[in-house]
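So that you can tell them apart, the chains are marked A, B, C and D in the order they are listed, and the count of residues begins at 1 in each.
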Amino acid sequence: MDHTARKNQGGPASWFSALSARTLGWRWIIPAVTLIVLIIFFVLPIVRLVWLSFTEDAVPTWQHYREVLSDAGTWMVVQHTFWMVLGSTMMALVLGVFMAWLVTYSDIRAKKMIHVMVMLPFIIPSYIITLSWTQLFRNSSWFSGFLQWLPGTMEAPDLYTLPGMMFMLGLSNYPLVYLFTVAVLRKIPQELVSAARASGSGRGTVFRKITLPLALPGIAGGGLLAFLANLDNFGIPAFLGIPGNITVLSTAIYQEVVGIGPSAFARAAVLSVLLGIIALLGTFLQWVLLRKSRQLETAHEETRPRFSLGLWRSPVETVVWGFLIFISFVPLSSMVSSSLLSAYGVDFSVETITFSNYTYILFENEKTQGAIGNSLLLALWTAGTALIAGTILAYYRVRRPSALTRGAELVTGLPYALPGIVLALAMIFAWMEPVPGWNPGIYGGIGILMIAYVTRFMILQVRGSMTALMQVDVSMEEAAHVSGAKGFTKWRKIMLPLLLPGLISGTMLVFLTSFTELTVSSLLMSAGNGTIGVTIFDFEQAGYTHYSTAFSTVVVVLMLGVIGSLLLAHQIWKKKVVKI
Amino acid sequence: MSTLLQDVRKTFGDTVALSSIDLEVKDGEFVAILGPSGCGKTTLLRILAGFETPTGGSIKMDEVETADPRRIVPPEKRNIGMVFQSFALWPHMKVKEQVQFPLEYHKYVPQTLKKRKKERVKEVLEMVGLEDYADRMPNELSGGQKQRVALARAVAPQPSLLLMDEPLSSLDAGLRMEMRREIQAIHRKTGTSIVYVTHDQAEALAMADRIIVMNHGTIEQMGTPHDVYSFPQTEFTARFVGKANMVPGTWTKEGFHPLSDSSISWPSTWIAATFIKNGIFPVRPEQFQLNEGGEGLKGEVVNSQFQGKEMHYVVDVEGHQWTVHAPADVDVSIGEEVGLSLAGVEAPGRNSAVSVSS
Amino acid sequence: ACGADEDTSSGAGAETSDISGNLSFYTSQPDQDATALISAFNEEYPDVNVEVYRSGTEEVISKVQAEKEAGNVQADVMLVADSVTFESLKEQNMLMSYESPEAEGIPENFVDPDHQYYGTKIMSTILAVHTDNVEETPGSWKVLTEEAAAGESIMPSPLYSGAAAYNVGVMSRKDDFGWDFFENVSSNGVTVVQGNGGVLESVAAGEKSYGMVVDFIVARAAAEGSPVELVYPDEGVPVITEPIGIMNETDNEEAAKAFVDFVLSKKGQEVSTEIGYTPIREGVEAPEGLKTVDELNVLSHDVQELLETREQDKQQFADIVGQQE
Amino acid sequence: MSTLLQDVRKTFGDTVALSSIDLEVKDGEFVAILGPSGCGKTTLLRILAGFETPTGGSIKMDEVETADPRRIVPPEKRNIGMVFQSFALWPHMKVKEQVQFPLEYHKYVPQTLKKRKKERVKEVLEMVGLEDYADRMPNELSGGQKQRVALARAVAPQPSLLLMDEPLSSLDAGLRMEMRREIQAIHRKTGTSIVYVTHDQAEALAMADRIIVMNHGTIEQMGTPHDVYSFPQTEFTARFVGKANMVPGTWTKEGFHPLSDSSISWPSTWIAATFIKNGIFPVRPEQFQLNEGGEGLKGEVVNSQFQGKEMHYVVDVEGHQWTVHAPADVDVSIGEEVGLSLAGVEAPGRNSAVSVSS
């Protein structure tokens, strides 16, 4: 009794010392664990890959570099890559920022719908998008007819060119910029814009001088992802570049990998290193841009429109919806109509329409349901893991910027920039026998896909979380600390509610991209672990185009359902959980 | 620039922030808006700037209609400058860039200033004492430094209407005095109209040509500092501006009997009719004289605060707690019995028109 | 057929007891085909659990190569598009030599002399035409170099597809064609796409009129009603055989051998015929619309030489197409 | 809680925000930190809270080392409450939720309070006059209302050390008086130690047990309000706390001859050695007596400000501009010739130890 009393008496003092010791322990443990995990999951596979480029039969050599770099073709490829990525990233930036600005600040109607429409390119499998666009622009299409009917000498653009590739890539990846920019724009305090207008600047100047620089963290974050996505994209350069004979790094790497020479992998690894360097340059550029940007002081999200389009509202809405419907209608309609046909190339008419493809997909083929199940599981797992780990990483990166955390951001970006096939190979190298002679059985099961997906898509979440975190002033956290909340409580009650919209956009991206992932899974999947992407790919390869389109249609409908329910969940969270 | 507000109202949902404001700010006038927290000062200023659309009423600037509930002239088309209560510094710009910004974009900057932007930036930064901070970013400044940058930014382009929302609240007394002088100098030199929002009556009294006392979204009283201070029309103004104690009692022909104690009579004076009707004599703390001997109303000292040159006492007289300011050499302790009498009551000056608000 | 079925399954019952375990099967066959093959195999060997990894030929090979690089090849049996690919595996000592008793029914030129791999079916690359666009069915590959096909032809890229590379390798070495043929085709405005699927889609949709493409997918599309026709040009057709082979490091040699035997057996060949492929075994009927081995005029060349020159061939092809614009 | 700072330093890059601070805050003491904008007040407070790691020196709380340059005890493990200069309200929480938050999570909340959280929230909201605003979101509040929420949130859990960073700067005079009283009441009732940052010397003088005058990151002087006000040790303190005019002149045995005018002699008094050494007599504005007749030092009125109960004049005496506070009934106009004499100089009280800072 006496003892307890004394203990209580000495309470504060002993608490301090005991806790401070513990705190110190924890402070070291979390970064240490993070570091180890990062090294194992991100650094090792890449190191393994790079190592390959320097060796010939396990003997170090420069030979592959000498060979590849002295080849004039390589430099041509690098040049193509450079222009393609530059052009498409620019397009994604302009389109993404403009749409984000319009949707967040203007009084345009049906914002939620626009939001979902913008995300469509992430839901429709990318090969279908490309295919349908090339069909649209071919000579016999209704679109060409329409253009000829118009006065003047307009012709459907030739997509099998560098600008064509930029266009398709830009169109596919602008949602990345859009999503990240929206998150930031909402957080810019109205007051800062007011101050600029009181200083006499009109809307244009305010946008250029205030809004744009303040939104830079989001724009640059989304822009970097679009850049990386453009860099690693294989489908579009393969589809459009082969007929146009334009080779970029991702297709060149594929050509090397499938070439069956003894040094095929080594040469592919050399090209991958080149690609990695370009990716790092992009990341570096983004840092330079962001170096001067500062955190905003409020974290309040203002969803009220900030300016009125006035008389322009209807025309602007018409243009925006025209654009959105056009760019999603083209692939969707081609996908849906193909899925309803009994055979490829027949005309669309009452006799040729059939639902048998759907019946087959939904009820007769056992693999499809398994694939949906697997993809759903993988997407949920990846999104969940990335949400937690990515946010922790982003937190340290934003709040304690240091060489270490910057490096961590960098390495998580690389797996996203590498072409899928290269990453898949690196995963095999790293995970089949993590320690020579010991095969833990990760490879050959669904485990390897779980790891590969997280490795590949983590950066989407890291960027999303970083953008969100940069909008929350430190004083919000400090106020929580003096109120006695830390760790879990602080996150649940203060940080998450403030961060959620930003976190969600990252998580949504991770979820959507892993849900339809193809290249990595096509190398790493194993029996019974087929994914949606692989299944569609199989149908396509075997010439069952109508099955693949039917399945794609099912998947798109499913995804729209998922997005819808996520939006709903967010609403409910906003209404209920946060307010408690 | 002259500004005319007629029947301006503003509501946020259910909250009435402003109800029926009629106000004229003449060209070159320095008007202070004085009122307690939440009375609608910032809202009024934001309506003047063009950031809020009034729910009702109209605003004319230089005879031109600039706002009614349907359409407003946007802020950038008005020849204004504004200091925001929350500073609203742009986190991505250096101090000197913040100040240079309006010089570049403000539509009405005199050509002479446009030509020497860099010097002008230097000039206003010197004026607010931040010449050494030109290259800092906002997050490297202290609260008061931020506020001074906001001030410099607003005055740099010499707008013809300057709107200031508590521009000195984060400054220490010395700096505040200095800034007051600077603002007065700007006002004199450029003849710009100034609407100055503050909750600090000393600031309003010292600087303004005219004071608008606001409460609960309405104007309680307008007038010169002297009028508002010495001849409050309402209890609120008396309390808020003069921190007056409301002494209840009886008004008779000869004067006022505090607490209806007929043995004491305070001289009749110019006083608003409402007070007479309500049987109240407003006494400012320094009008009371504290008699250690005990003459006058008997009371007990319940609180004392040291204020350097004077002492602030709270004296309990029959359950009423009145504030009394006494010279520093009057030294009574808490619990002591004292007497309170009236020190001196002045008459309105010749040229001060006592304006009676509705 | 019913009686025969019962025969084999009762016969298989005797063998069941000694062959079992896991068998890792890497293939580029479409999913349905592989599934059909395995379920037929499991009727005879119910205790063998076949795990399939299925992807494009290129992916399968890359995966096996990566496994080798990582130090442990997981595949037991492999079945992918062309013999050149197997030749390269053979060169790297990755294949096991096995003399299958079922091999006698298979033409000698489709069997590796060292018995490391065997062809399993006949897939010829033919000329597909869009029936609405082309009135007169051509009889020669040369149509691709003529005015009629200017800007109207399409073919898969040898840079991306091993099977396509095989075709180019063989044809460029035939007197009838040579590299001149490809130069002419190229200057006649051929479109090169990634794979056979793309060629079929383009021709079926009428976007292009002539396509160089593997036979069975055309036959399948035509059967479903697509406006495409399948042409065996007079000069002959290059043929790939989807060979099968056992990996050197197999963990389950018994089952692997049984599997190879089954695929080459009459029963196994019938399974692939049912799916729509030309059988390689003599005496098994071809599906409708396709020619059997003996009816075909096969263009072929020494596989070893093709392997050695493959990179060169690809480069040459790329150069020719690159000059086009 | 008692707090001991030894040789605490803090630099931001090249900026030295604090240099060698030695300070003890005793258990239950009310310490005000007073200093001009940018002198390091906020930085000192943030170090006390545990948000900044000192660049050098050490901090002990209740005898336990809580911070040195390598490791610090995090804020949530300290029994503190804090009012932020920028309020730092959480934008997603209602006013009542803001206040309830620390009651739920603060480690040291007394059990009695924990049990009646809802009532406690109501209680503190009433205390700051916001009982009607419990369900508002922060963006629906005016500046002063936000500040009061921040205050309520900090005091709700009854921490044993309360850190306040200009907690009343956005409030009007009346409300500020009320809040001062509330804070004093909290201090008396709970015996919590308070460190109160302010730039307003009236606030510091009125409330604190002890005042720390800071300038440029160092402590200029510490002492009771009376000492700091009446017996400044440095020119800075004299100017900052008493707004004193520095009158140059000659010190002799008999007294002080202002402007070395031997015909005038001001009585010698308790005054810090530095002033004597520098030949300066610090005169607070109210210590001057303004003689319309012209006795004393001759000067010219160059500025006058109405301040209600008194007038503030600036008088030019041989090129020196001195501030003079005169009663409201003294009425001289700008340009008039006046005389200045010394009104009264007090001696240090018996129990005020004049502390000399380094």
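In the analysis below, a contact is a pair of C-beta atoms (placed from the backbone, for glycine too) under 8 Å apart; a residue touches a chain by one contact, two chains touch by 3 or more.
Heads up on the chains, UniProt names are A = Iron(III) transport system permease protein; B, D = Carnitine transport ATP-binding protein OpuCA.
Since the model is a prediction, treat every value here as computed from it, not as a measurement.
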Pair exhibiting more inter-chain C-beta contacts, A-B or A-C: A-C
What whole-number Å value describes the gap between the mean CA coordinates of subunit A and subunit B? 54
Rounded Å distance, subunit A centre to subunit C centre (Cα mean): 37
Taking each chain's centre as the mean of its CA atoms, subunit B sits from subunit C at a distance in Å of 91
Could you give the separation in Å between the centres of subunit A and subunit D, each centre being the mean of its C-alpha atoms? 53
Shared interface positions of subunit A, touching two or more other chains: 297
Residues of subunit C that touch at least two other chains are none
By the touch definition above, subunit D meets two or more other chains at residues 86
Considering every pair of chains, which are in touch? A-B, A-C, A-D, B-D
In the complex, go through subunit A and note every residue touching subunit D. 12-13, 15-17, 19-20, 23-24, 297-301, 473, 475-476, 478-486, 489, 493-494, 497-498, 578-579
Which bits of subunit B are touching subunit A when the two form their complex? 46, 49-51, 74-76, 80-82, 84, 86, 88-92, 101-102, 105-109, 137-139, 153-154, 157, 163
In the complex, go through subunit A and note every residue touching subunit B. 189, 191-192, 194-202, 205, 209-210, 213-214, 216, 292-297
What residues of subunit A sit close enough to touch subunit C in their complex? 52, 131, 135, 138, 140, 238-239, 242-243, 245, 254-255, 257-262, 264-265, 342-346, 352, 367, 421, 425, 428-429, 432-433, 436, 439, 443-444, 522-523, 525-527, 534-535, 538, 540-545
Subunit B - residues contacting subunit D, complex: 12, 15, 35-38, 42, 85-86, 140-145, 148, 166, 169-175, 177, 181, 199-202, 205-207, 225-226, 229-230, 239-243, 284, 286, 303, 305-309, 312, 325, 328-329, 344, 346
